[in-house]
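I've put the structures underneath this note.
Shared chain: subunit A. Partners: subunit B in the first complex, subunit C in the second.
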Partner chain A sequence: MKTEEIGAAVVEDTRESVSFGTRDKDFSKEPLCLSGRGVTRVFHTGKVTTVAVDHVDFDFHKGELISIVGESGSGKTTLSKMLLGLLEPTEGEIMFQGQPRDISTGAKKREYWKGIQAIFQDPFSSYNVFHKIDSVLLDCINMRGGKNLPKEKKYEMMTEACSFVNLKFAELTNKYPFELSGGQMQRLMIARIFLLKPNILLADEPTSMIDACSRATILDMLLKLRDETGMTVIFITHDIGLAYYISDSVYIMEHGKFVESGKPDKVMLEPEAPYTKRLISDVPKIHEPWDLSTVDLLQNA
Partner chain B sequence: MAKKMLEVHELTTKYITRQGEDVYSVDHVSLDIEEGKSLGIAGESGCGKSTLALSLMGYYFAPLHYTSGEIIIDGKNISGLDPDLVRKTVLGTEIAYIPQAAMNAMNPTRKVGKFIEDVIRAHELPMDKKQIREMAEQRFAKLGLPVDALDKHSVELSGGMRQRVVIAISTILSPKVLIADEPSSALDVTSQKMVIKMMKDMLANGLVKSMIFITHELPLLYNVTDDIMVMYAGQIVERGSAHEMVFDPIHPYSRGLMRSILVPEEGTRDVKLTAIPGTPPNLKHPPAGCRFADRCRYATPSCKVISPPLLDIGGGRSYRCSFSQEELREVYEHED
Partner chain C sequence: MKHTLKNVFHSPRFLVGFIIFMFILLTVLIYPYFVHRDPLQGLGKGFLEPGTYVSVYDTNNTGTYRVELPEAAANRLEATLPVKDRQTMLNYLKAMGADVSGLDTSNEHFEELISAWKANYSEADAKKNKYEGFATQAQRNALKRLDNSLNADTSVAMSIVRGEGDSATTTKVAENDYVKVDEVANAVTLPLGTDNFGRDTLTELVKATGISLLVGLLAGSIATLLGLLVGLLAGYVGGIVDDVLMFIANIFTVIPGFVLLILIYSALGAESRSIATCAIIIGITSWVWTARSVRSQVISLRNRDHVNLSKLSGHSLFRIVTTDILPYIASYVVMAFILQVSSGILAEAQLSMLGLGPNPNELPTLGLMMNWAKLFGAYTSSNAWWAYFPVILVIALISFSLNLMNTGLDQVFNPTLRD
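== the complex of A and B ==
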């Protein structure tokens, strides 16, 4: 086989690759999408009081891709629940598009959820097992006021959403979500978001149950979604390498507080907070040596 | 030449589905590990990494079945032995296995020390309680584990500590081969580092003679093992030293894998991350030709017909592709 023959394949290549988007753009001039001042959540279990999120301030702008990085127990999930309106903050205020958020009644909550949607860690438990893929996508169209659209138009919209995530809708009709692989399911979740077009997407560890090679595809799709729709994406993760790669800005969370935030290059390469320094040094790398000699095995014993 | 601790020749094992179909998830796998060395196994989910680990123990239970091949641990052939004999004479002493959720393996009503007694009793070693306790204390001290953990229940220990305790228990008889299947994937980075440090110390001190480390976290593998082997659809597609595999992969699949590495290091943000499109083949009906051909961007029509053998190119390196390494390297260079 000649090298030219192999080389020829490169020209026709339709390989998926991650776009670089707007990662160095200054988002502070963009309108505010979601912001919080002194947001706190306290849990009481018996006599024990746990401050899961402790007076955090944040400003998420339109079209920005934000990563919230922290280890287990740092308060990431509690914060994301508060952002989604599934938990009320004990203290502090969350503003949605510059206005104080009001989710006091069911109707107001539903209205709020038109503006914010989520993708969760476990794609296998994100779907109703009794609903076929068609009805999953049809629900999204109906929710966005497309209930009275002609059938053909709905089909076209579903096809478009699926092709956005490199799935073929014609092959998915009449199938159940569990017939897909984890990566495909997660992509279908993104297709849902594409149809719903919320202002904010909260992605809670969307790639942690997916393998390294499908991970790139999911990241690519999130970036594409942000680029095409101007959606704000809040990415919650424990993977620092991933956060470094994808985000416009990073928030590092420890014990319910943001210990450091800013542009990924600044936070990851020149960390200032001791916690960020430790976190970065504990991650295995490939160009720098991973120093195991400093590990104290009796720590936390 | 260093002594070979583990030699595997053409090992094939299969799952038999409820419909009676055979799924060959480990297909003619040959590998060897020298004393004091570690081998990492990488690949995406479902490629046969964990099945290989289970198969290597020689302990088969339905739906996994042994088909052919040899597993030789320190000169002793353990393939095809009676499962009961394997449990008594091989597991724990010759080979030890740490599954992914090992930290949840301990019975919460028993103290850690009791599990060590169980291991000794199961192997019918002539030791009394006091001797076992002494041995356990020595081992824990050597591994940097607090000795008082022996008197604790598993629920009193943190996740990382529990994982290290389980590793200490399973290697109490100093096995010749330790197989760790994603031992740190459920832990946060700091606990992960402690687990890895302990495992590397064990290998350096000769408490285990060789190690197989399975994970899909490539930066971790790169830092832990001497060699890396990439599996795809039940077969080995490439093997080489950790450095060669990360910085100079030959097989298109390994290259795809290595290009999905994400680390917080300068310059890595500007490298384009590439994904491998498609999904692995269904092993119930494996393709006739190269198993990766459907997803390979360099595949020619002949790749779909001819199944390439694993080619040994010397220096501990081998790869499975119809193209020569020069041809592949030239294309890669052209691409960059």
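== the complex of A and C ==
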């Protein structure tokens, strides 16, 4: 195990502990966590109608790590917002833990969000710049019903959450999120999830804005958190290579539709949809010339 | 916060605007401690040029408030006891056989004549002896009146009074002395002269500036609060709420605000138009553009990740709006507020200029002063520049300083505008 200095905190690289052991597990026997039938979202801008998500079906099981892969504009973020309940589907139904999801009132929404949480793409815009780190973490404790806990207990919980992501709370207290580096901010986001312990975590490209080194640390922490809490992780990414390595199942999304889905080995090694083939060939390979001809492959399809 | 304030005060534009504005504000606040005059008190008749004035009334009509020059003193003695009367006195003294050697009717022997008179004349004696030339009752009555008039103060030396009321001190000065103007009671310096009502323009201007600032501040606050509320609701809640609020805003946009103001104002009647009514009406007709710009800012903010995260943390709508949206647009709102104050002051001035301002009998405003100057021909027949030019200058300075502050803030908060 090696250590590296990132910003103010000493970071321990714990990548060796990563477990890819669930890769061959059959999750279809696990209880359903989140599923959708015919989920559609249409946007109207003047006379222009855009179908961002077009009749998608999905079944996410407990403890599963699902990757939704697609290029920019394929509808990934719209789908994730619908899954989070920040956007209502125009059509279709989303089931939460086997029951039709009801988020019609503020109270029901708050209850739903105890079960599903998110990490967003850009750590720099994820925090309110006027709030200190303490208040970000305290919000999570309060949300889990810890509002009346003694101060010392809260401090202890925050310290524990920070040490889970290799941050030192004592150094962060009374600081603002923007005083941290991008990687540290994203780890703080994971500390937040650690405190909230939701059933489902939706990670919307959590590593796309940070450097490769921090990326590995973040992924490692996400996987560790999944292993410890048994939560479902929905990983939204444009990076099919990354999805291959970490996922239990992969959904390939193109123009608002799932064009292919299944176990990563099946999807990556025996791709059927031309879009999947293109995505795979778009991954640059070291020591090999990059084949850019697949762009035509999609256009001719 | 501290850092932002430091940046703000390092902006030269903001600083210049702030200094001008503070100068005006401090003048308004401090001036009344030095000049206690009622701003609506008339001091004279019509437009008086800037200068120092002495109250003619006090100089002529009270016994003690007198300052006169040598020739004037001679005239006053003449007026007090005409030569004709002096001759009568001399004749009487001669008739009764008193010693009149060295006495005559000239001013030089005025005092001797009077003391001789006081020593020898008595009403009873005149009646009893009926001296030659003074035998009739009418002649004796004339003597009696003359004596009465002499009992008034006829001292040669003049007195002036400094101060007022009980603390007044009387100083005697000789006839041919010069007296400093500021030692004269009821001498008044009018740096900006008087307006058509004979009111001290400077005192009136300071009071009017204070009132106009108050109107601007009130109108600006109402407009900003209303605009902020509508903008936040429309922008954040969206949907039907947005549609309804923007519909109302659109109506206010298409009806020219100033025409609406004039209509509401004329409908109210002069008596019911107070300063507060003025501010409220200006406020409720000028919130629209604040609402529109706040709305567009909020729309761009409401889908930011930190707002989504706040929602996911279970925060209420009120909390999200006040802690996740409002702080992000605070600088913008401050800038909008400054402009609203400035336009509130201008709107009041415009309305009053047209004779639709607050009730003119209560308090002066900058607009009312302009209106009076216009009505009483300060621009034209009287050519009394002091009655309107300082008012124009103050309005321009207030507007200029507020806009300068706004531009300075804009430069600090909007990095793309920095040089």
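The criterion applied here is as follows: the second predicted complex is superposed on the first by the 268 of 301 C-alpha atoms of A that agree within 3 Å, B and C clash if a C-alpha of one lies under 4 Å from a C-alpha of the other, contacts with A are read in each partner's own complex, and residues count from 1 in each chain.
Simple rule for what comes next: a contact is a pair of C-beta atoms (placed from the backbone, for glycine too) under 8 Å apart; a residue touches a chain by one contact, two chains touch by 3 or more.
This is a predicted model, so every value here is computed, not measured.
In the overlay built on the shared chain, the residue A:Ile286 is in contact with subunit B alone; subunit C does not reach it.
After superposition on the shared chain, subunit A has more residues touched by B, the comparison being subunit B against subunit C.
In the overlay built on the shared chain, the residue A:Ala170 is in contact with neither subunit B nor subunit C.
When the two complexes are overlaid on their common chain A, residue A:Pro264 makes contact with subunit B while staying clear of subunit C. Contacts of A:Val48 after superposition: neither subunit B nor subunit C is touched. When the shared chain is aligned, subunit B comes close enough to touch A:Asp239, but subunit C does not. Touching of subunit A by both subunit B and subunit C, each in its own complex, is seen for no residue at all.
If you check the complex, the residues on subunit A that touch subunit B are 1, 3, 5-7, 9-10, 13, 15-18, 23, 71-72, 166, 181-184, 211-217, 219-220, 238-245, 264-265, 268-269, 278-280, 282-288, 290, 292, 295, 297-301. Residues 304-306, 308-317, 323-324, 327 of subunit C are the ones that touch subunit A when the two sit in their complex.
Across the interface of their complex, subunit A is touched by residues 44-45, 143-146, 149, 158, 160-161, 164, 188-190, 192-194, 196-198, 200, 216-220, 222-224, 246, 256-257, 260-269, 272-277, 279, 297-300, 302, 322-323, 327-328, 330-331, 334-335 of subunit B. Every residue of subunit A that touches subunit C in the complex is listed here, in rising order: 81, 84, 86, 106, 109-110, 113-114, 117-118, 120-122, 125-131, 139-140, 143.
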